[in-house]
Amino acid sequence: MIIVMRGDVTPQSEAVAEVVRTAARYQGVETQVRTIEGATRSLTEVYLLGSTAAVPKEPFEEMTGVERVIRVRAKYRAIGRHEGEAVEVGFAYNGVQFGQDTFHLMPGLCAVDSRHSVEATFKVLQGLGIATTRAGAYKPRTSPYDFQGHGKACLPYVFELAGKYGIRVIAMEVTHESHVAEILEALEASGNATGVMLQIGTRNAQNFELLKAVGQQSLPVLYKRGMGITLDESLNACEYIASSGNHRIMFCLRGMKTNLGDPHRNFVDFAHVPVVRRLTRLPVCVDPSHAVGKRFVGPDGLEDIHQVAAQGVIAGANAVLADMHPNPAEALCDGPQALLPSQVEHFVRDMQLVRKAYLDRVELRRRMLG
Amino acid sequence: MIIVMRGDVTPQSEAVAEVVRTAARYQGVETQVRTIEGATRSLTEVYLLGSTAAVPKEPFEEMTGVERVIRVRAKYRAIGRHEGEAVEVGFAYNGVQFGQDTFHLMPGLCAVDSRHSVEATFKVLQGLGIATTRAGAYKPRTSPYDFQGHGKACLPYVFELAGKYGIRVIAMEVTHESHVAEILEALEASGNATGVMLQIGTRNAQNFELLKAVGQQSLPVLYKRGMGITLDESLNACEYIASSGNHRIMFCLRGMKTNLGDPHRNFVDFAHVPVVRRLTRLPVCVDPSHAVGKRFVGPDGLEDIHQVAAQGVIAGANAVLADMHPNPAEALCDGPQALLPSQVEHFVRDMQLVRKAYLDRVELRRRMLG
Amino acid sequence: MIIVMRGDVTPQSEAVAEVVRTAARYQGVETQVRTIEGATRSLTEVYLLGSTAAVPKEPFEEMTGVERVIRVRAKYRAIGRHEGEAVEVGFAYNGVQFGQDTFHLMPGLCAVDSRHSVEATFKVLQGLGIATTRAGAYKPRTSPYDFQGHGKACLPYVFELAGKYGIRVIAMEVTHESHVAEILEALEASGNATGVMLQIGTRNAQNFELLKAVGQQSLPVLYKRGMGITLDESLNACEYIASSGNHRIMFCLRGMKTNLGDPHRNFVDFAHVPVVRRLTRLPVCVDPSHAVGKRFVGPDGLEDIHQVAAQGVIAGANAVLADMHPNPAEALCDGPQALLPSQVEHFVRDMQLVRKAYLDRVELRRRMLG
Amino acid sequence: MIIVMRGDVTPQSEAVAEVVRTAARYQGVETQVRTIEGATRSLTEVYLLGSTAAVPKEPFEEMTGVERVIRVRAKYRAIGRHEGEAVEVGFAYNGVQFGQDTFHLMPGLCAVDSRHSVEATFKVLQGLGIATTRAGAYKPRTSPYDFQGHGKACLPYVFELAGKYGIRVIAMEVTHESHVAEILEALEASGNATGVMLQIGTRNAQNFELLKAVGQQSLPVLYKRGMGITLDESLNACEYIASSGNHRIMFCLRGMKTNLGDPHRNFVDFAHVPVVRRLTRLPVCVDPSHAVGKRFVGPDGLEDIHQVAAQGVIAGANAVLADMHPNPAEALCDGPQALLPSQVEHFVRDMQLVRKAYLDRVELRRRMLG
């Protein structure tokens, strides 16, 4: 059961304390007070967990500080769409709005390898008017003997250059809670012109302690679907983040490992774009570079990475990651799937064309079916 | 090794006999003479099978009846794209052209249940100017105790009504070679106004004897990818059809069974649209109805069946199957995924919008990257 | 609903006609009369299909020719274990008993390549006292350009040599109904000393027309589980055989294709041995050679093919196929997984040791838990 | 490249410093000094990582403190079997030996729910002479709203009771590095009579930071194979533990998630028992309770959990986990798969019978094939 407090109620208020005291009268019920940072205001909620089936709504609905009481029957209490709820979808961060109605392209470096690469990359993005990117500092690798990323050593120049070239948000994977502090420290040292969206990678998709840790801080989180688990399990993992207090989550599809997706690296799962948009309030991102894994050119001249990216966008995806590298042959990881700088402009235009077609589809449907 | 004869050479000619005699001099080499029905002409080819690595091209290239000698190194000898080959892609049938540049919508009945349903369906298609459809007479079912289709009993009225409403081509599954004769007989009895594209269903994807049988007759074949096998295995299965003499094949994607595609019935595999177009000369079809399996409505009002269909089309699919039914609640099989007649017009317009966006993407790429 | 007739009732009798007439009074009910060849007698049954929920048992139970009326609620009407049914499990064929209590080793040639190989193989088996084997004449192959087996050409010498060396039953794959006639003809020409158990291979696991065809003749059938389909789907496929009249079925596990079984060729599924024994009345066979696919030697000297075979047997498997070849390097297919003749004796002793341990386990359980 | 120091050389010695200095002369080479706790002695090794292909062995082989230089070509540097290496396999801990030649049964509580359950469980084990068990305090759960284990609160009574009933080693999952300190503290407070083998669960199978953390402490680690990843990826994950300094690893198979294992919860993967034993030096454990997930009784009276456990053991498994509970209906998690106390004795005898059969198989092979 979720007790949504009125807009002016703070977590420390007597109104919240009263809810908690009342809930404590019911056996087997625990309470958690949470603050949700929406795009334009913050909300305080009290979660009643445990044996809440026997708890009535009335005592809470009658309190003055309470706006609404939601009995949670559906899955995904914190991130889900629940009937009768007119919740805000999406969030603003560092001047950029992320939601189910927005659209962002996020080309960037899979792994930061040098100051030179970073600068070359950001310069291209600035030229194209793109302010959102990806950059990998902490790289989890299957083998302990492979390159693991430059870690915090590269953060100072990444953030300095981001500020210089007007990058507003950088998606950056973390694999340990200590990385968050390192990033916040480096951001502050750089003057905070740019912002970071923490990324949870596929290998940590069910590392619940890490999910709780990123749920207890305020940077937004790009959650990448776990590779061998169901969509439901990945959405429940996002519940760990959201139920810990952080609702600034973007959900990212990146393909699944099976024996049936070949010749692509992963079995592309972008048919789940509309599913995540329907089941949750989260904006949905796709990562065509990691899903496809290689550069394949079709008979119509379009590369598979473009084609599957277009498949995500035509069905309503809100963001597209894309690996690019000033010199793919020298990339320390995942070079073969990276776009060349000369290809990025075409990629951007192609995606914009498809985004427009998606919006036209929505309009067509409205006109024809009401 | 494939010896392509000149256009005027027939299988019974002395030119072909000479090729066969010459090939017979090499140990471990077998020959097969095949005729390929292209869209505008037919070709005779002699296939050299077995230990052909040691067979030189020159003796054949010097013969007057021979146009070209292709040493097959690549996979998919008969259906593949092979470097340096300027082969015709696609085929014409009953006045309709099918190829990698054409686009057809094929809404229709998953299973024919009554004359009434067929007529109601065809009437809707005629109203929308659609001349290609699907109609299931022979239905393979997981359990022997489920409805197995009306079989040949329904063919007379299906073909009669198709003629009446201007349907040119009906995709129709066969599960036994005897069905082909039944279909041909019924077509002839109906006056041959309409045509049939035989469908090989997913359960028979590696029923090689059936593939050889449909390879030895002249109706075109819609081959549906096998569900638990790799794309490579399915393409090799098409080689059975093509190497038996019938090159009029359309390849259809319909989703794969895994534990990871939920809540869709199958894991949608339309990211393979550009792959099949690149590896082979076959036009590619998608079947969103069977891939998704249910009617899910998204927050933007678009159903998942529309969304994944759009994903196929934006990446270049050449045809879209779609289940429709005048009264889905009464359908004998797969009702929950069928479009209502009132939705078909929107589906058609939506797909046309996306097809146009695909063509615009190809043009954009040509303009920007040459 | 199944109406089991008394032992002396034939399909053409008035008793059966009476059942059919009575059933016809109920709307939506169809009847099928079937004869089941058990080990010691044959049975006639009338199957009531369709809307049988409203059909009462009493009118049939009161008829003199009727022994029992079974209302089928559970799955697998024809092959399943149904509560309260004391059915015969297993069947006898050519002097050999196959059931859930019997145990057979079936080493043999994956593909017959020459008279010499066959004779060398049968001689080894005779020396070890083994009368059941496998021999592939019709080989379905992924590519049409690979060796497809010698087909009916090899049958005369296979059967002649089988008679000479005392082989009683040869498991032999068929991929087309015409192969059954070819086999029966060759068996008769050889004097019928040996017998054939038809094999349905994994690619034809849902080729329902072939299943019905082998269900309408009397040779026993070794059904190999389909590779990309669920166990339930494969058991339903066996229902096609059994509901067509042939209950002499042995179910064979041979591993599943996924990305997770590596380094074995398939993901070994022998944990399903007890499942099939519990859900159905069918004897269960395992095929370790195809499941593992290669010769791997463990630190304890035991090969993986032995190890997974032992896993099947310790859990109650009733038969073990095993590829052997007098000269694996020269085998035309699947050589790398074949046992050498010198290894066959050890394989046989190893399996017998494990079979004894399984029987000891059953006895231990009986003693301890009653 | 691994430089194995002589037995008397300590990490702080000049001999090690000399190796490190020499290695530093080669560009792109990093060194790590590691201590490996074997069963009877400890070893110091210097790992040369990075571009070691050009580094010669001779300079190191000539040093007096160096026993051996191993150029690592094969996979699994730290845990693998490498040709020509006569390494010790296994380790001793708290008086118990774990290796590829030992055999332990580890029945116990999936989740500790009460002091009463723990005492009842340990009493049963003591009565059967079993000193190794499992007990879950920290339980990762798919949903944040499910019971997450009693955590450190239950440790005091678990360890006190373990000491009382002579339990030597308890396998206990940790999901955060802080749990290790909590466990060590509680162990010390209880007097250290019992020991803990840390468990890494399937959801953290590629949580590399946690793997490195448990690699940098001295408690042994039970690593459970990740569910959606290949065996190779899981073995590489163990390399993270071992290359961080902790070689006391036991590898545990527990079934994989796919759509093909039904009706078992997971697709049982115990055919990989001999594979892990061949590729690595790690003892191998199986977890039949989680793999099967339910209590199914076969026609021979044996439950599937017993059957698949037997499949692991007959192929050489070194340990078997098994969920038991004094009152399964009241278990807070995974009750349906737990053995009743009355069944534990039969389980133990059954496994011992199968272990003996495995040893007989090894002996049979030795006698017959040498």
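Letters A, B, C and D name the chains as they come in the text, with residue numbers starting at 1 for each one.
Keep this in mind: a residue touches a chain if its C-beta (ideal position, glycine included) is under 8 Å from a C-beta of that chain, and two chains touch if they have at least 3 such contacts.
The structure displayed is predicted, hence computed values, not measured ones.
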Problem - Chain whose mean Cα position lies farthest from chain B - result: D
Problem - Selected pair, greater C-beta contact count between A-B and A-C - result: A-B
Practice task
Can you check how far apart chain A and chain D are, centre to centre, with Cα atoms defining each centre and the answer in Å?
Solution key: 35
Fill in the blank from the handout: Distance in whole angstrom between the CA centres of chain A and chain C is 52
Completion exercise
Whole-angstrom distance, CA centroid of chain A to CA centroid of chain B, is 40
Problem - chain C, residues touching no fewer than two other chains - result: 228-229, 257-259
Practice task
Using the touch rule from the top, collect the residues of chain A that touch chain C in their complex.
Solution key: 257-259
Exercise for the section: Please give the residue numbers of chain D that touch chain C in the complex, ascending. Expected result: 81, 100, 228-232, 256, 258-264, 267-275, 277-278, 291-292, 296-302, 304, 307-308, 310-311, 314-316, 343, 345-346, 349-350, 353-354, 356-357, 360-362, 364-366, 368-369
Completion exercise
As the complex stands, chain D meets chain A at residues 49, 77, 140-145, 175-176, 203-204, 206-210, 212, 226-229, 233, 236-237, 239-240, 243-244, 257
